[in-house]
Amino acid sequence: MTDARAILLLHCPDKQGVITDVTGFLTRNHGNIVYLDQYVDVIEQHLFMRVEWELEGFAVPREQIKAEIDRQVGERYGMDTSVFFSDVKPRMAIFVSGMSHCLYDLLARYQAGELEVEIPCIVSNHEDLRYVAEQFGIPFHVWEIAPDKSNRAEVEEAQMELMRRERVSFIVLARYMQMIGDNMIAAYPHHIINIHHSFLPAFKGARPYHQAYERGVKIIGATSHYVTRDLDAGPIIEQDVVRISHKDTPDSLVRKGRDLEKIVLSRAVSKHIDRKILTYKNRTVVFG
Amino acid sequence: MTDARAILLLHCPDKQGVITDVTGFLTRNHGNIVYLDQYVDVIEQHLFMRVEWELEGFAVPREQIKAEIDRQVGERYGMDTSVFFSDVKPRMAIFVSGMSHCLYDLLARYQAGELEVEIPCIVSNHEDLRYVAEQFGIPFHVWEIAPDKSNRAEVEEAQMELMRRERVSFIVLARYMQMIGDNMIAAYPHHIINIHHSFLPAFKGARPYHQAYERGVKIIGATSHYVTRDLDAGPIIEQDVVRISHKDTPDSLVRKGRDLEKIVLSRAVSKHIDRKILTYKNRTVVFG
Amino acid sequence: MTDARAILLLHCPDKQGVITDVTGFLTRNHGNIVYLDQYVDVIEQHLFMRVEWELEGFAVPREQIKAEIDRQVGERYGMDTSVFFSDVKPRMAIFVSGMSHCLYDLLARYQAGELEVEIPCIVSNHEDLRYVAEQFGIPFHVWEIAPDKSNRAEVEEAQMELMRRERVSFIVLARYMQMIGDNMIAAYPHHIINIHHSFLPAFKGARPYHQAYERGVKIIGATSHYVTRDLDAGPIIEQDVVRISHKDTPDSLVRKGRDLEKIVLSRAVSKHIDRKILTYKNRTVVFG
Amino acid sequence: MTDARAILLLHCPDKQGVITDVTGFLTRNHGNIVYLDQYVDVIEQHLFMRVEWELEGFAVPREQIKAEIDRQVGERYGMDTSVFFSDVKPRMAIFVSGMSHCLYDLLARYQAGELEVEIPCIVSNHEDLRYVAEQFGIPFHVWEIAPDKSNRAEVEEAQMELMRRERVSFIVLARYMQMIGDNMIAAYPHHIINIHHSFLPAFKGARPYHQAYERGVKIIGATSHYVTRDLDAGPIIEQDVVRISHKDTPDSLVRKGRDLEKIVLSRAVSKHIDRKILTYKNRTVVFG
């Protein structure tokens, strides 16, 4: 006996009957739907759907669910499907460098039970934040990157080995100040979440708060997105902004920006953990 | 040949099969669904749904749709259903007193084609804004209320006669400074939209901006809600806020509040016109 | 006898004694200060100040105030000063093309007494919005621009002649879809206010809402700025944003954007009319 | 040699000459002003001012500054003055109960150097959060309150003894779920900062998120204020809000509210530490 739920994320070209057939499959197998959200992109003629139902009493065994959905419904419509279970927590690795604000925010939420996740490891290119990891009793791994970046491939290989060993499901870059290599990105497609300290695409590249100051904008922002090979151009998950004024200096922008970054990153991480995000053509569908 | 659509709004106790049966009915009758949104209130165990489909090629004639849905699906689940057609514009009456900002905002949107609505009449208790109605060529009707309110019942009867004659579907109180009588409220249940110049329930009653000033709040708001017999306590449709500071005076709060009121009222009116609002237990479900 | 006020806007390199000397000048001449705001940009070491005082009883005659301030205080500090009087309304020209939302918003505020301004003329490159100008009884002037832009210089000359004849103090581009020539910009330095339908610098150029849609952003914005020779790069006066989602289409972004544009433009225009804006190094200081 | 600064906070009835005289006093004594903000409440005819200047080279010794300002300027105008020094950190006590989110947020900022403050102690009525205090190496003191509250006076006396011993300058109630007694309030007038989990005055009293859910509001808020004898009615320092929808449950409101509470409380605490807050007639003036 269990109160676990199954979660189905799917998308496919929009056709008559998709919703009827998906919900029909669940109803037929005695699945009590507790959440259904769907969205049709009328421009792309594409349908996105998230359904959550109780496993208790469901006629199809857990390990056959995805295969049965694909066979009975998915293949007909060319569906891309994923199935998750609420009692299987994803395993999240956090990458950091010198700034602690995003790391503390994630760990405090984790410890307070806000995030349904395991955190098997924290990775850094510096020793600076080891004390934070130790405060929370989480293993901390350091690989320094040589100034000439000559050891980058080697470090990446070691990091990926750690990810495999710890069965990491997704990676959060909590102000990690190093490039992520293509192999890592390929191994975790749309499973590496970055926080960019700017309202993308306004200020790409380095020192965006200084760019914002120079341009004299009245609002600054932060953007959380999935990492793709195209720097700062992956699918946006969440953004937020804060109003500033002529009284702000680059320093005060950095300070206000930190509060934004924490909130925006943690919202994106929560949505990912709750399996509420679908990506399509470099955009995200984020269910409520 | 037509590109008109039918819109079905429904709510009922949540049971297995509702979504399958509703979408099945439409699919069976060749209805091409272009919008479906549903929401289950897990606390109340109640389901809310909005479906929109193309009438072109739909097997059930327009005037029988509601009856067929009720017969084939609704009765089984105890559904409350309403059916609308996108090519039938609702008829909106606007009630005003002395302030023009909400009236201008609604009329400018109407003239720019933003609101799919007819405006057969504007009603007031003063002559003050007749010139605005005349700028837009809309009939303007004035009933003054005696200082002792002795003619209120009589005025209300005359107003209701006008509403009937003009086949008014819903009423917008665009800063109308008189009470609405119980007969009018009963005739237009959840079809009278008011704008309250405060973040309800923060400052009920008179002069809320002065109350906000006295209390020293840092944010003020505006609230649009359906009118019920319980003053300022009807279902809330939309709210918004603006940040203020110690530099604001009651006058500047009034000024900032006007901008909020316009926006909040027009958003609520748009949602109502688009049939995106369901009400249940004094709350609204507002679809996106 | 009068309740008019004088307004002094100044900026200069920051030095000890500026504030003491400016307020000392006013106190010595029996000027009752009703507003003083100053700001020191510590990075640029530059001071900005706005003072407002009652003219009633002030010892210096109105027409000599600027000269006396410059002579007694300004020259010593290398000040840039401007003096205005609250009973002299600025004269505002509005330029429009085909979209009415910003125009209606400005005119409704004007008619409600929200803007202390004269509006001697509305200029357009189309006949489309003549009816709006006529609703409000304001002269409407049309100069069409040839498809090959061959008559641009000629049109600009005619427009500038109108500006001179009507003694226009500043120009508002309320979604005017034509380039402003360098002569006009030179004649009205930091006195032409534009509304850009994007969160500058995020989406410059054409069709920013479509760009926003393509990029999949979660927030869109609008920006009001002074026009300089560098397109879309002049000093920013005001910005605001609204949250969007994957459900938004380019069309719905345009619709939501319109509400932003109205509000952002009218806030910028109000600040300009109230002489609360100073510009320096392509940034604005906007007093509260 | 020092780069310390002096900070003067003052308020008095508004009269001609106040600003000239205050800045004149500083200029005369070679004080280099690095920040000046002042505000005149035109309704109350009251002036508020904050000035910050460099101590290096200032002619008046640190310990005589307040007395000299009072003697040379303050007495003439009936000023209320306070003088602080940037190199003297205030000492902040944090009171908590069972919820960790505000505590973590404050301690993470403290450890990252965002708050210029000493934290000599954390006080609680439970053991629950001792582990957090220990993570950060800060002494944790527990006084349980008896169910019948019979030991409240005694506990308060012990807490006040601790405050005295630790030379606490101000107290932050980071979701402390017990009443603060009148003696404590009297000992720390406008120096106890509370976070109320609602947009005051919307939902006073217990379980405000449940009240918000019941009322069906579309926006929730949080309020930080100074504690006075009148519960939840002290001067408001900071408020913020977040948009919600019909999809939110009381649980999700609590979750969203926690993020607000953290941000709002930490902004209020920062402003207090930076001596940017003046209180007058139960309202705050918060300088930028």
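The first chain written gets the first letter, and so on, giving A, B, C and D; residue counts start at 1 in each chain.
Basically, contacts are C-beta pairs under 8 Å (C-beta built on N, C-alpha and C of every residue); 3 or more make two chains touch, one makes a residue touch a chain.
All values reported here derive from a predicted model rather than from experimental measurement.
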item: Touching chain A and also chain C, the following chains; value: B, D
item: Chain B onto chain C, rotation angle from CA fit, given as a multiple of 5 degrees; value: 180
item: Centroid comparison with chain C (C-alpha atoms), farthest chain; value: A
item: Same-site or different-site touching of chain C by its copy chain D, using the half cut; value: same
item: Separation of mean Cα positions, chain D and chain A [Å, integer]; value: 36
item: Whole-Å gap between the CA centroids of chain B and chain D; value: 42
item: Where chain C touches two or more other chains at once, by residue number; value: 42, 245, 247
item: Residue ranges of chain C in contact with chain B within the complex; value: 99-101, 104-105, 108-109, 111-112, 114, 135-136, 245, 247, 255, 258-259, 263, 266, 288
item: Contact set on chain A toward chain C in their complex; value: 39, 41-43, 199-203, 215-219, 221, 235-241, 245-247, 249-250, 282-286
item: Chain B to chain A touching residues, read off their complex; value: 16-17, 19-20, 23-24, 27, 30, 32-36, 38, 40, 42, 243
